[in-house]
Amino acid sequence: MVKKLGVGVIGVGRLGSSYAKYFTGRIAGAALVAVSDVNETVAAALAAELGISKNYSRYQDLIADEDVDAVVIVSPTSTHKEIAFEAAKRGVPIFCEKPLSISLEEAREMLAVVEQTGVFFQMGFMRRFDKGYVAAKAKIEAGSIGTPVVFKSSSRDPYRPSLEYLDPKHSGGLFIDCGIHDLDLARWYMGEIASVYSIGGTLAYPEMKEIGDIDNAIASLYFRSGALGTIDLSRNGVYGYDIRTEILGTEGTLKIGYLRETPVLVMTKNGITHDTVPYFTERFEQAYITQLQDFVENVVQDKTPSVTCADGVAALQASAAATLSFKENRPVTI
Amino acid sequence: MVKKLGVGVIGVGRLGSSYAKYFTGRIAGAALVAVSDVNETVAAALAAELGISKNYSRYQDLIADEDVDAVVIVSPTSTHKEIAFEAAKRGVPIFCEKPLSISLEEAREMLAVVEQTGVFFQMGFMRRFDKGYVAAKAKIEAGSIGTPVVFKSSSRDPYRPSLEYLDPKHSGGLFIDCGIHDLDLARWYMGEIASVYSIGGTLAYPEMKEIGDIDNAIASLYFRSGALGTIDLSRNGVYGYDIRTEILGTEGTLKIGYLRETPVLVMTKNGITHDTVPYFTERFEQAYITQLQDFVENVVQDKTPSVTCADGVAALQASAAATLSFKENRPVTI
Amino acid sequence: MVKKLGVGVIGVGRLGSSYAKYFTGRIAGAALVAVSDVNETVAAALAAELGISKNYSRYQDLIADEDVDAVVIVSPTSTHKEIAFEAAKRGVPIFCEKPLSISLEEAREMLAVVEQTGVFFQMGFMRRFDKGYVAAKAKIEAGSIGTPVVFKSSSRDPYRPSLEYLDPKHSGGLFIDCGIHDLDLARWYMGEIASVYSIGGTLAYPEMKEIGDIDNAIASLYFRSGALGTIDLSRNGVYGYDIRTEILGTEGTLKIGYLRETPVLVMTKNGITHDTVPYFTERFEQAYITQLQDFVENVVQDKTPSVTCADGVAALQASAAATLSFKENRPVTI
Amino acid sequence: MVKKLGVGVIGVGRLGSSYAKYFTGRIAGAALVAVSDVNETVAAALAAELGISKNYSRYQDLIADEDVDAVVIVSPTSTHKEIAFEAAKRGVPIFCEKPLSISLEEAREMLAVVEQTGVFFQMGFMRRFDKGYVAAKAKIEAGSIGTPVVFKSSSRDPYRPSLEYLDPKHSGGLFIDCGIHDLDLARWYMGEIASVYSIGGTLAYPEMKEIGDIDNAIASLYFRSGALGTIDLSRNGVYGYDIRTEILGTEGTLKIGYLRETPVLVMTKNGITHDTVPYFTERFEQAYITQLQDFVENVVQDKTPSVTCADGVAALQASAAATLSFKENRPVTI
């Protein structure tokens, strides 16, 4: 029987526990061998549920475990750096959930360590693994829309996350927590961003003023190529989880995204109605799995990461520039 | 100034008054010169509204009017024959709204007179002039879907017309009043119908049993070519006026029709919703106009009718066969 | 650790091997313990791939295995009866893929055995577990469309399966192999079918005449309630795997189904284009999993089957009646 | 017979000749009595075609004509001021096509004259009369989406107009010629604009650099209310005429616009495809007519203009600010 890559998942909250589950049956060539969480009870319960024997409260112990061939970091953003350092020190391949950090400086330190140690490090930006986004990338590369000239992207949460979650001290604020996905896509499809100008406001949830964050924002982008971009972010997409990207080229346009969750149309005197995608787990579950599968294959086959630590730094840098632009109401060069 | 074709409209109820209006500004090369209606007041009021000087209570007078170069018959179906006979006798080109008659025998007499007199006679089947149906026809002829093998068509009224209107003694019943459109399309796209089997029921409006008609029906068709068809008819398309046709070929499929009237999507917690086409006037206004324009051009340019009296007879024959099949619960050969 | 239901999968061809895989990670509360196939090599290879130790060439051995708590029969239809008998004899809970049999007589024998032995027996009709079909069922039961009066359903394969597969001696022909799904849905949504009239033809693939089957068909249904139905089947839905159902009620309509596989729209001078669902594995994978999950829960929790052997007999009976109707060109009472 | 409003159309190029035609049969309560154009031949030919007796080469003569009760100005933008002044001087009600002028100073002079003379003056912004945009306005006012917080609008031409047409000396450049529609909608839906930041480039048609205009642009808006907006403009919407607006509120979102021209879906191995709206005449014909109908009713019934000269000035001011912002790469306060 072929040896499978032994994976340890660090941080098993909402997303981390999903990742752990994906490694028990959905990811070929890999097997979950351990989980860790500062909350011991949570780690132990998940281990029991998934039928694995090892769980840790200290990530250091998981990283040191000889059965762990690779780690997946899904812990709070503020802990990414120290965990990545530890794994790098021990040469254990790393998958790190976005964002790298909410501090650009810290992110750059991580990049430096990754480069110095040569550890395998793959960033998590799952949209790049969604079949819609993947198909669009292939079409652009095949020349279907000529030269891309305008990038438009929109991310809307169906409701406001908790104020605790949103607190910019932890989340980094709207442009980092949410906009980083669109900014990563912008780079992926269009190349490097030259400058950004952002506007925003606390327009739907006045209570967000207390934590010092905004609930709606728009960023305009100049790419280095001269192409243009606009990204709009909202916490009040109350009708559903609405993630869309559009790329206008000289020969055509691509639109990526969808809103209908259940394939039923209801037709009554009130009109023709369908439901919507509830949230990110429904919208991107397959992309998360494909992303982890890709990580495993890259590690096992000794390939380079599909999304690098440098990509993580660049997306964070753009997010930070957007944040600064909003605060100072001026275009910011990157 | 170029002489315009002087048109007289006979019967100015709901549809007839619309036709009369179309002839005052929407149809190039023609001008409304007279209207007639057994209801004198209605005819006079419409003439005043449209700024024409002539109105009649007797269609004979309209037909005899020297300014009338062509007549458009939109009177009750039971009067079509005698009016057509009168116009044929005088050699006045005729446009006749569907159905020719609710009696197949009477329809055949009309065809005989048309053939004997050689009068120009164009049947009204406006769907053949809708841009969706026209485009589909062109695509089929261009080979876009290979050989058509299955025809599907659906006609749904948004509500039950009045019992007075529906009474089969006048309307001919569901297969003739409503299904004749789909059966005409069936012939147009697929060629002659070989046999039909129908089922039906009074399922939504029990009061229709009093007048002896059904409110829902389905007809299965064999075409002479061996191809297949299914048509479903309903009086309870309560969500809107839903007219659709689909043609499956060996290389592809065409779907004709649409349901959204106003280009707005409303996205709320209740889902994504749009409105619907209210009724036939909204759905087919342009088709009605195009149909009348075509009639005028055929008359003026001495062309053959785009839809012939024989087409009217054939569609009625199929409708009558469908009615018989339903009554006797057996396939009926045409 | 909670004991999981030990499942043995009998017949691991295309669908059976998928089922076996689903039982290794996708179905909670169950574990694959053995597979069997008359082709020993296939069974052994799959067991190795899935990391299970037991594989058999004789289904009897699998059924007799003490670790096997329940069997899933996905072998060729002609073998369903004997396998079901064996499992029934030993009291092992059974999930049986559709159709029960291509012989109505044989199917009735199976039902008799199931009833006599009291063995747990659940039929496979995965569409009943698709979230679109499930949501529609719930909406109907909630009264969203009033009383259902017309049922329409369409099944189109994207290409002709092999002639070997299609041979009616094994497949039962178009109405049984393909139409049984729509006929099962018809019963599920509308109640028992009273009579059926079918038409059909070999219109796209002349070579099918050699095996004596048709490639397109339409069936008209009377339900016992008086409601109406129409089902159209095709082997030449060359644009994709197109499965749709529509239920017209007195207060509204439901449309179930979708055609777009990848959430990308391509907009060029050639129009606005999207791709299509390739085939049943893509369209119904989640439904297959949900169906097996439901089976496991019903067995473990000692519930009644969600889809019974009697449902399998009834759907087959309707399919057989449709076949007969086509052959004799007359309505057939069920 | 009721007296109709006698209308004179000044400037009968592409749009002006359409307007003239609409006044012969499509606009109730009004009649075309005269046309004028600096090109005498064009004016005479149109008069003959439309069956009216009066045509002029000098607009002054048309305005002075006693049968002319109201004028519709569709001449080149550079002539709007002098024509409006002449009509204002004589107290003839004015409909003026957008933009008022490409000079903000000149537009303000026009507003001053309109206010001083009290002449009836209605601006042409036809999108406000499109049934989609109208329905959206009504829904917002009915509270369907709560408080609007983000405005998004997109205007794409299907191809580059001629360089002669585009020359910013006449057209005012992309933000004035094209963006003024979106900026007018922005004000209509969201209230006054506080500031704008624009980016742009000559990305698809290098030859536009010669005339000093850009072919793609994005403008970010702050409204006085604090709400946000983004508008993107393109000359290379090569797939069709794509005009869309979206308004995100605290309780929902509205999307206005559509892309399919002909109600046919073509389904083949190449995917599911539909065509697109070719250009503005197809997309907005009914809006143009409704707009003129509204003008006529406002004049006849002595109402205030639905869109005022001040609206024209305000939209131009926003367009000019967007132009300036692009040139100086900084946010511009309005």
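A, B, C and D are the chain letters, set down in written order, and residue numbers restart from 1 in every chain.
Here is the rule we go by: a residue touches a chain if its C-beta (ideal position, glycine included) is under 8 Å from a C-beta of that chain, and two chains touch if they have at least 3 such contacts.
Quick caveat, the model's predicted, so the values are computed rather than measured.
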| item | value |
| --- | --- |
| Chain at maximum distance from subunit C, centres defined as averaged CA atoms | D |
| Between the pairs A-B and A-D, the one where more C-beta pairs touch | A-D |
| CA centroid of subunit A to CA centroid of subunit B, Å | 57 |
| Whole-Å gap separating subunit B and subunit D, where each centre is the average of the chain's CA atoms | 38 |
| Centre-to-centre distance between subunit D and subunit A (centres being mean Cα positions), rounded to whole Å | 42 |
| Shared-contact residues (touching 2 or more other chains) in subunit D | 238-239, 251-253, 260, 266-269, 275 |
| Category of the chain touch graph - line, ring, star, complete, other | complete |
| Touch list for subunit D against partner subunit A, complex | 147, 149-150, 152, 156, 197, 199-201, 203-204, 216-218, 220-222, 226-230, 232, 234, 236-239, 242, 248, 250-253, 329-331 |
| Contact set on subunit B toward subunit D in their complex | 1, 24-26, 48, 51, 130-132, 135-136, 139, 144-145, 251-258, 260, 262-269, 275 |
| Residue numbers on subunit D that touch subunit C, as the complex places them | 238-240, 259-260, 266-276 |
